Amino acid sequence: MNALLRRQLTTLPSLLLTAALLPLSAQATTTEARSERGAEVIRSLNQGENQSNLKAMREEFPFLAEATEAYALGDVWSRPGLDNRTRQLAAVAVMAALGEVGMMRVHAGYALNIGVSEEELKEMIYLITVPAGFPRAIAASQVLSELLAERH
Amino acid sequence: MNALLRRQLTTLPSLLLTAALLPLSAQATTTEARSERGAEVIRSLNQGENQSNLKAMREEFPFLAEATEAYALGDVWSRPGLDNRTRQLAAVAVMAALGEVGMMRVHAGYALNIGVSEEELKEMIYLITVPAGFPRAIAASQVLSELLAERH
Amino acid sequence: MNALLRRQLTTLPSLLLTAALLPLSAQATTTEARSERGAEVIRSLNQGENQSNLKAMREEFPFLAEATEAYALGDVWSRPGLDNRTRQLAAVAVMAALGEVGMMRVHAGYALNIGVSEEELKEMIYLITVPAGFPRAIAASQVLSELLAERH
Amino acid sequence: MNALLRRQLTTLPSLLLTAALLPLSAQATTTEARSERGAEVIRSLNQGENQSNLKAMREEFPFLAEATEAYALGDVWSRPGLDNRTRQLAAVAVMAALGEVGMMRVHAGYALNIGVSEEELKEMIYLITVPAGFPRAIAASQVLSELLAERH
Amino acid sequence: MNALLRRQLTTLPSLLLTAALLPLSAQATTTEARSERGAEVIRSLNQGENQSNLKAMREEFPFLAEATEAYALGDVWSRPGLDNRTRQLAAVAVMAALGEVGMMRVHAGYALNIGVSEEELKEMIYLITVPAGFPRAIAASQVLSELLAERH
Amino acid sequence: MNALLRRQLTTLPSLLLTAALLPLSAQATTTEARSERGAEVIRSLNQGENQSNLKAMREEFPFLAEATEAYALGDVWSRPGLDNRTRQLAAVAVMAALGEVGMMRVHAGYALNIGVSEEELKEMIYLITVPAGFPRAIAASQVLSELLAERH
């Protein structure tokens, strides 16, 4: 139990990190401000770079790009209630379980960028065999393997 | 970055917790020992109780019960590389995304038992709107709502 | 043939309805205004009533409720580029194909409210056998059957 | 081993049954004849009885009922290239993997009617853990358990 | 608004087209006649051309090809109760939601051929974020983008 | 008819093969012995060869490789209660229905290796149109077609 309390306390720093990047726009409720907050989220996950896919999408699918930036990233991904590590690891697990290996790769990359270890990503993919079966886990392992090869 | 390092360090206690419950059987490779380790995992998540569903399954579907206990719980769920909180939150996210609300409820219950807060579970379900859409997130919110009402 | 032409003409009111509610809030970009636009969308589909589910969700899952109202309804469902009939029929088809029969029922109810005929809903469910197979179509037919019985 | 050989031999009647009903209508190409062939398939799987669900569906969803009878049963399920046992066991596996437990129950019932053993059905559900994960296999085991309790 | 009215009016030809091809074969109940009706449906959607995929399938998978032509196209897709625009837009939505991007592309192409606008297709893909999540909508947007580039 | 009887008889060798490999390791309960039994299963399905994919996986994802070999193959696939033909045909059906065409190809290859005919595989894929719809069946037919071209 003490260990549980201790763990509870140790999540504070990552919450503060999230908080640190949000002061300017956490209360933002206009679409423009939400989009800007989404762009900040991406840069915090993507080594300071904007997402190049989003830029291309903005020309042809402006509503979808805005929804991705203002809603998915600006509203959901910027929420303070979960630390970034848990969020990225859960995103990797969900994308792998749904067979969305392209998106899994994006989130696995973000996870590595914020300090999640290769071993943790591999554990998460191993875990996927239970809720979603072996084909999804094996496909995810192959995509992760490619990503790690590129990074090395 | 310091925050990241600090967070990395703070996961140690939860790893130690996992380690603390495993000393007897971590190296177990016989089916019997793996099943016993699976039973320990359940008890550590389920307030010291065995899983009653497993007992019923053991009579009619002995291989499936053994696979659940020895493989899903004894091999996968007992791995030390991820802390229990991250694992349960990811399990909740994956079950919600796949539409497996019954299993989501089980893992949400375990999560609460080991100190995950209601707010964190709600954040995870909110997050699910992005990878899996609103119907799955809303269905999960209704099941979580029932679970929380029971607990209060 | 005449029936087709007649149906075609009867879509005009629903187009006009969409048009009628847009001028006021189409440019809305604050979360509050987007939520209000979402509430208008529901009332236009739900015989002037608010969605009672949303009210309950707002207490326990305020972000999810806001996302449903401001994003799903206020941003997506209120877009002018598709008429309400096409949107509701597509929503019925998608929900049936994904096995989300509860949501299918909600959208089938909205579709009936705005003048989609029972026959059109049945055709859409029949169509679902091709992309998603017979179990999903048959499950959808049973849920639609219950809804129609209630309405009669 | 003996049990395996014995089981192998007991499939002969179901093959002969398939053969017996095919000569009359195998060349049927009108919708009426295909529907009649579908009705024969059901009776051969359902202890001589028609499917009561189909009768209800015929009133409200006549095209869907015709498609189920003439296409799903009359065209697909009546094909001679696979024996009935293999077809029913595969249907049980597929329905379980897709989470369609209602349809799985129907096909598990047909399987029992044509001589598939309870043990074979349980093996198939156990197998499902590998391609589709544990939640789908466990849900299928619970539905099969109910069916077996009813039959005993 | 004017654009909406204009679009509404432009659906008349596609309705008339459906009507025009139905009198001849609507009562067809032999497999041959149903297949011929299916081939007519394809030609009406595919700028007068037969589907080349179907021709290849006919050699190796004759039953599947016949089912596609006689059932999926000849029975389901030729039904008079929904106009072609609604049917194609719903098919695009369903295929995108199920992650079947190859088939989505085929139906998006048919939709463009019968006068559905690029904007309407983009709206439909944007809508998919709500029932099926962002990864499916984004994947669909990329495939549609390729199709539009080819057409320009 | 004769063809059916003949096919029935040709399943005997594959049953005997299963029987032949079981006496040695059926009681194995250590992970090492279960893995060895899994390797035997692969060799019996893969013309005496080990699975090259598994070897690569073992280096980067050792737990996943062990789970595949000891659990999926050693525990599940080696069970005596279903003959190899039924198991492989069901695996092909399930993988096709889930859209896992890569895994479907692997199991279709195993099926051919143990004497399942091309026609039986085609029948199984045709059957998939009913539970899972046409896109999954057509995608599976294309992958099977490639496999058959390679084998000829």
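Which chain is which? They are A, B, C, D, E and F, in the order written, and residues in each are numbered from 1.
Here is the rule we go by: a contact is a pair of C-beta atoms (placed from the backbone, for glycine too) under 8 Å apart; a residue touches a chain by one contact, two chains touch by 3 or more.
Heads up on the chains, UniProt names are A, B, C, D, E, F = 4-carboxymuconolactone decarboxylase.
Computed from a prediction, not measured in an experiment: that's the story for all the values here.
*Asks:* Can you list every chain that touches chain E and also touches chain F?
*Replies:* Output, common partners of chain E and chain F: A, B, C, D.
*Asks:* With residue numbering as the guide, point to the option in A-C, A-E or A-B that repeats E-F in over half of the contact pairs.
*Replies:* Equivalent contacts to E-F are found in A-E.
*Asks:* Shared interface numbers for chain A and chain D above half of all numbers used, same, or below, different?
*Replies:* Over half of the interface numbering overlaps between copies: same.
*Asks:* Taking each chain's centre as the mean of its CA atoms, how far is chain D from chain E in angstrom?
*Replies:* The answer is 32 Å.
*Asks:* Let me have the rounded angstrom distance from the C-alpha centre of chain B over to the C-alpha centre of chain D, please.
*Replies:* 36
*Asks:* Can you give the whole-Å distance between the Cα centres of chain D and chain F?
*Replies:* 22
*Asks:* Could you list which residues of chain E touch at least two other chains?
*Replies:* If we look for residues of chain E contacting two or more partner chains, we find 63, 67, 71-72, 76, 79, 95, 98-100, 103, 122-123, 126, 129-136.
*Asks:* For the protein chains shown, what form does their contact graph take: line, ring, star, complete or other?
*Replies:* Chain contacts: complete, every pair touches.
*Asks:* For chain F, which residues are in contact with chain C within the complex?
*Replies:* Touching chain C: residues 129-136 of chain F.
*Asks:* In the complex of these two chains, what residues of chain A are touching chain E?
*Replies:* Residues of chain A touching chain E: 57, 60-61, 63-64, 67-68, 72, 95, 98-100, 102-103.
*Asks:* Considering the complex alone, what residue numbers of chain F touch chain B?
*Replies:* The touching residues are 29-32, 34, 63, 67, 71, 75-76, 79.
*Asks:* State the interface residues of chain A toward chain B in the complex, per the touch definition above.
*Replies:* 3-8, 10-11, 13-14, 16-17, 20, 71-72, 76-77, 79, 81-83, 85-87, 89-91, 93-95, 97-98, 100, 103, 114-115, 119-120, 122-124, 126-132
*Asks:* Taking the complex as given, what residues does chain A use to touch chain F?
*Replies:* These residues of chain A touch chain F: 99, 122-123, 125-126, 129, 133-139, 141, 145, 148.
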